[in-house]
Amino acid sequence: MTAAPPPVGGSRPRGIQSGGSALREPVRIGLIGAGRIGSAHAGTLARRVPGAELVGVADAVPAAASRLAGQLGVTAFGSPDELITADEVEAVVIAASSEAHCALIVAAAAAGKAIFCEKPMSQTLAEADRALAAAADVPLQVGFNRRFDAGFAAAHEVVASGGVGTPQLLRSLTRDPGLANPGAVPPWTIFTQTLIHDFDTLLWLNPGASVVEVYATADALVAPEYKPAGLLDTAVTVLTFDNGARAIAEASFSATYGYDVRAEVFGSAGMVTVGDQASSSLTHYGPDGRRVTTVRGDVELFRDAYAGEFAEFADAVRAGREPAVTGRDARRALGVALACIESVTTNRPVPL
Amino acid sequence: MTAAPPPVGGSRPRGIQSGGSALREPVRIGLIGAGRIGSAHAGTLARRVPGAELVGVADAVPAAASRLAGQLGVTAFGSPDELITADEVEAVVIAASSEAHCALIVAAAAAGKAIFCEKPMSQTLAEADRALAAAADVPLQVGFNRRFDAGFAAAHEVVASGGVGTPQLLRSLTRDPGLANPGAVPPWTIFTQTLIHDFDTLLWLNPGASVVEVYATADALVAPEYKPAGLLDTAVTVLTFDNGARAIAEASFSATYGYDVRAEVFGSAGMVTVGDQASSSLTHYGPDGRRVTTVRGDVELFRDAYAGEFAEFADAVRAGREPAVTGRDARRALGVALACIESVTTNRPVPL
Amino acid sequence: MTAAPPPVGGSRPRGIQSGGSALREPVRIGLIGAGRIGSAHAGTLARRVPGAELVGVADAVPAAASRLAGQLGVTAFGSPDELITADEVEAVVIAASSEAHCALIVAAAAAGKAIFCEKPMSQTLAEADRALAAAADVPLQVGFNRRFDAGFAAAHEVVASGGVGTPQLLRSLTRDPGLANPGAVPPWTIFTQTLIHDFDTLLWLNPGASVVEVYATADALVAPEYKPAGLLDTAVTVLTFDNGARAIAEASFSATYGYDVRAEVFGSAGMVTVGDQASSSLTHYGPDGRRVTTVRGDVELFRDAYAGEFAEFADAVRAGREPAVTGRDARRALGVALACIESVTTNRPVPL
Amino acid sequence: MTAAPPPVGGSRPRGIQSGGSALREPVRIGLIGAGRIGSAHAGTLARRVPGAELVGVADAVPAAASRLAGQLGVTAFGSPDELITADEVEAVVIAASSEAHCALIVAAAAAGKAIFCEKPMSQTLAEADRALAAAADVPLQVGFNRRFDAGFAAAHEVVASGGVGTPQLLRSLTRDPGLANPGAVPPWTIFTQTLIHDFDTLLWLNPGASVVEVYATADALVAPEYKPAGLLDTAVTVLTFDNGARAIAEASFSATYGYDVRAEVFGSAGMVTVGDQASSSLTHYGPDGRRVTTVRGDVELFRDAYAGEFAEFADAVRAGREPAVTGRDARRALGVALACIESVTTNRPVPL
């Protein structure tokens, strides 16, 4: 299995269609997880990924699987295990709760299935190592969807081809539009679930470099009443790389203006910026000036990127090659996240 | 059959998914025309429109149909007639050469098939009337794809809901990136094939108003050596509406910077502008300033709009309702185009 | 006297400082006209033009001159004639009512004074010829201020240096934020006072080309009740040039979103666009999206351009050369405006 | 003496004219320092600040003063002391080398002159205290020019009026276009000369809040060969405020694309961004996409802001009030810079 570059370009058409995939048999996919993101993935897999065929869904709660399967006209499996071992399932997309990811990867790999796992792939580095070892012989892709956004992919291409020279200052940020249920947010979520995207982005946009030290600071500014319970809703981190570059990652759970994901790479020969919240090309002018409507959620912002990551997965499965985003990438981003948590705990920079 | 509003919004997700369509049987579509746009449509229908299933293609040149059908793994019909009368074909998408449109509509309607016809629906108003009469009892949609672009759709929503007050000055333009084969361009193409899009846009963005007079001027500035053969590659037209609004439509066949389609509606209470050539959200900064890459073709710019128009068609067919863009819309835009041609010929404003 | 290129560049600093002007004696300027634009010019001349010194003001209404002179601490002359013949006045800036322009030019030229005259320089071509003949031996500059806006000047530079190839399609527009007193607007004002700016812009941005035909249409859409009295508040014109280029100029008196002046030149090798209504670099994001505040008036939008045109005037006077914008330019733009009026009257294209 | 809000708004006209200043006697200003920024300030004071009159210049090197004075037609004083004690000098603008600032403030205050001092006001907090004590009875303004940029001023207005709610995440950055002479850059310059602007900006955009802790990391990435000599050309800092907000300030000495200064304030109710590198409103479209030219230096970017800070100074002097940017502001920003230096030295967060 060899890694291929992600089959996306800087072009507006964000869905990715691999050349001859229509002639190939679509990859028969079973989806585990019928929650918010699982349901969105199911819709994407059922309708928008030429090389994939959604054959069924499962969930720890069978009724949730039944409801989603009914909406899409596919099979509802009685349990994740049943789905994993079903003959008609060729590949498994894991969108269950994060705690279950590692065990599901191990089970799916044992069943010889190709695996797509939502981020975070694991909760600990030990779990990551267990997942990587288990999946050594099957394709394993992780859900760092930003890599399949046309703008982010174009930024990567420019950086990787030397268009900004040597990266020196990088920035990646995530601002989620809302914190619906602060009481339900596990401690450190902002690092392990949110900023983990930014860490992957920053590593990907500083190709070949490794993080040698992190500093992180975080607080509960949106919902301070939940701070005693461990909620951190605002965070800033600084990563120092072995090539000298410094990168900032920041996140907040309370953007009133929508879902905001941006990145910037400044280097010795130029800069790229990427990320735009505009919901369309419309500008509306009136007595209060000119106005552009902004996107409201990840599914809206990354609709094509979600389709793109699954197209890459289907293509890698059919081609028998390693997907463009691997379990090793997931382990690496997790390592940064865990070091950041330690930095917040100790209020010190933490070497990696 | 009743007209429904187009099921698109101002949101970034440009593909249109009708609520429960996944549970419905997809509409079985036969495509006529294996040229540039026909091939693009075939790819869209095969891969990106949940409510549609491409069952086969036909072309006046059977070998062209075979090649395209082979690429997509669908049936190659021996002739358009064969496709039209095939039992497994429920609806026909006509992307043949313009001269053939009217006869194909009449034939498909006679066979009771739902019809999607590329623009222009017809070459003359008499043809348009013949097509409309023939298709009185089947769904007939015309390929004014811009209406399904997220930005244009949002502009329409703002205008239709009074967001700019009464339209007073409108503009729509098309700048095609190249004129590959000037000798092959039939006379008046810039009006009947290109600006017809802009005329539909302007009529749609000035809801309820009718054109009462047009003025047009045109020239061969890109390829002047072909002017004697009737080529006009640059045109400007002014439409006067019965509500007093004036609209400008302009077109050129030689945009060196890509494919450029924009519109603007200025009214008593504000303005909307729409259309953006950026190929992604990437901005690249260097010694020569900051730069944004531009899209290069209609298929790239309107990828989601093409999928959207077919989703609307499939939905209208399944719902037994009139599509959002009708044959009457096609006739209306053609009337403006023909009056513009007369204006160029006579160098006078022409009343409608 | 030889014409010099306007001493402005594409740079943000919009005020123009000629190299050694600080060492020269400033040009002693008398201003005629204490109305809205005259008062704005007085403030600019008093404070923002290094090479100029405002020595006094005059007005047909002496009390108006006294009030303005008092505010600025300069001399109030008893009449325009008194100012023109005053020894301490070296150059005259004419910002009186348009009907008075020609006679004031003749008088100032007779007194040997350098002359800056607001647009329109004259009401008729005969008047224009009289003014040109009278001012044959003194510097005469006309108030086409847009040429001194950094963006417009940069556009001209790009076009003049071949950056867009041969111009093929041009556009210039003016949208004024309000029509305070429709009853006071003389007939044809939209052509002779407003669009005359756009005509100059279009001629300047299509260097070396001449207008050979115009088509114009106009209406009273903002204040239709004043149409019987001759008010036209909305106009669209199409100019055909001898190099084949077509240009659109449009104007409205009712932009709710501020003062909007833009231009576009599309040519065989590219395009430039210019004009931005943003009042600063601030973008404000909130629940209704992102918003930019817009400028509200010409004095705000063209503050630096006004200073720039006077700096050019002062420099030309001191250098004994012809200013960058001449009386011939004024005559040429007026010719286009008058042909447009004829086109509206006859509803025909009018050759020049 | 009471502090007044800075007399700037969010409007495009960036020069600031205090209402009745034309009737007042302009403030007679002597400038100390004939280097790069001193010469720029001299030009601004001589030509662009209505309320100010440049009467003379001085420099530690008399020949430098003579040359500059000659260019502007003003007096060349034999030494800074001579200028400070001259009767015709009412106010002193200090643009000498940073080491000299404190002593010059003390001397000017002793002579009873109003004082405008470039940043940094002092090298140490002890010096800052000495300067503040000395200038207790004269107006003392410090050169934090960004506050007088139209965009930054508008951002402050929005934030101060609650337009983004409570600030939670802030960012300010400075990217200088070049490092002409790395060997001549004193150690820690990036903090005391460059980022000190950003620290003032961040304090000003988080009104009422104080910095309680800083973390900083810095390196020599542009000119690593000068690192042994103490050069740091790239820095990232994180400030934690007592209201919980986190702010990032970053700087680099090597922007290939021009001079880049931006800020962002994200809060509980929205966000503002400010800063634009475009040199004019021109966009140029060609085969490589669309392009905007960028500004190349601070004097170009902040031309109006420089005029604005001097207009504020002149107005404060005439009004007998405290200027909008005080010596206390300078001390506060210096405190942050010194803590950052300690953080780099110790590789620890440093409490204030």
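Couple of notes before you dig in:
Labels A, B, C and D are assigned to the chains in the order they are written; within every chain, residues are numbered from 1.
Rule of thumb we're sticking to: a contact is a pair of C-beta atoms (placed from the backbone, for glycine too) under 8 Å apart; a residue touches a chain by one contact, two chains touch by 3 or more.
Not measured: the values here are computed from a predicted model.
Any chain bridging subunit A and subunit B, meaning touching each of them, is among C, D; the list is complete. Between the chain pairs C-D and A-D, more C-beta pairs are in contact across C-D.
Comparing mean CA positions across the assembly, the chain most remote from subunit B is D. With each centre defined as the average position of its C-alpha atoms, the distance from subunit B to subunit D rounds to 55 Å. Here the spacing of subunit C and subunit D, counted between their Cα centres, is 36 Å. Here the CA centre of subunit A is 42 Å from the CA centre of subunit D.
Shared contact sites, meaning residues of subunit C that touch two or more other chains, fall at 256-257, 269-271, 278-279, 285-287, 293. Against subunit B, in their complex, subunit A makes its touches with residues 10-13, 15, 17, 22-23, 43, 46-48, 50, 71-73, 149-151, 153-155, 158, 163, 269-276, 278-287, 293, 295, 300-301, 303.
Across the complex, subunit D is touched by residues 256-258, 277-279, 285-294 of subunit B.
Of all residues in subunit A, those touching subunit D in their complex are 165-166, 168-169, 175, 215, 217, 219, 221-222, 224, 234, 236, 238, 240, 244-246, 248, 250, 252, 254-257, 266, 268-271, 347-349.
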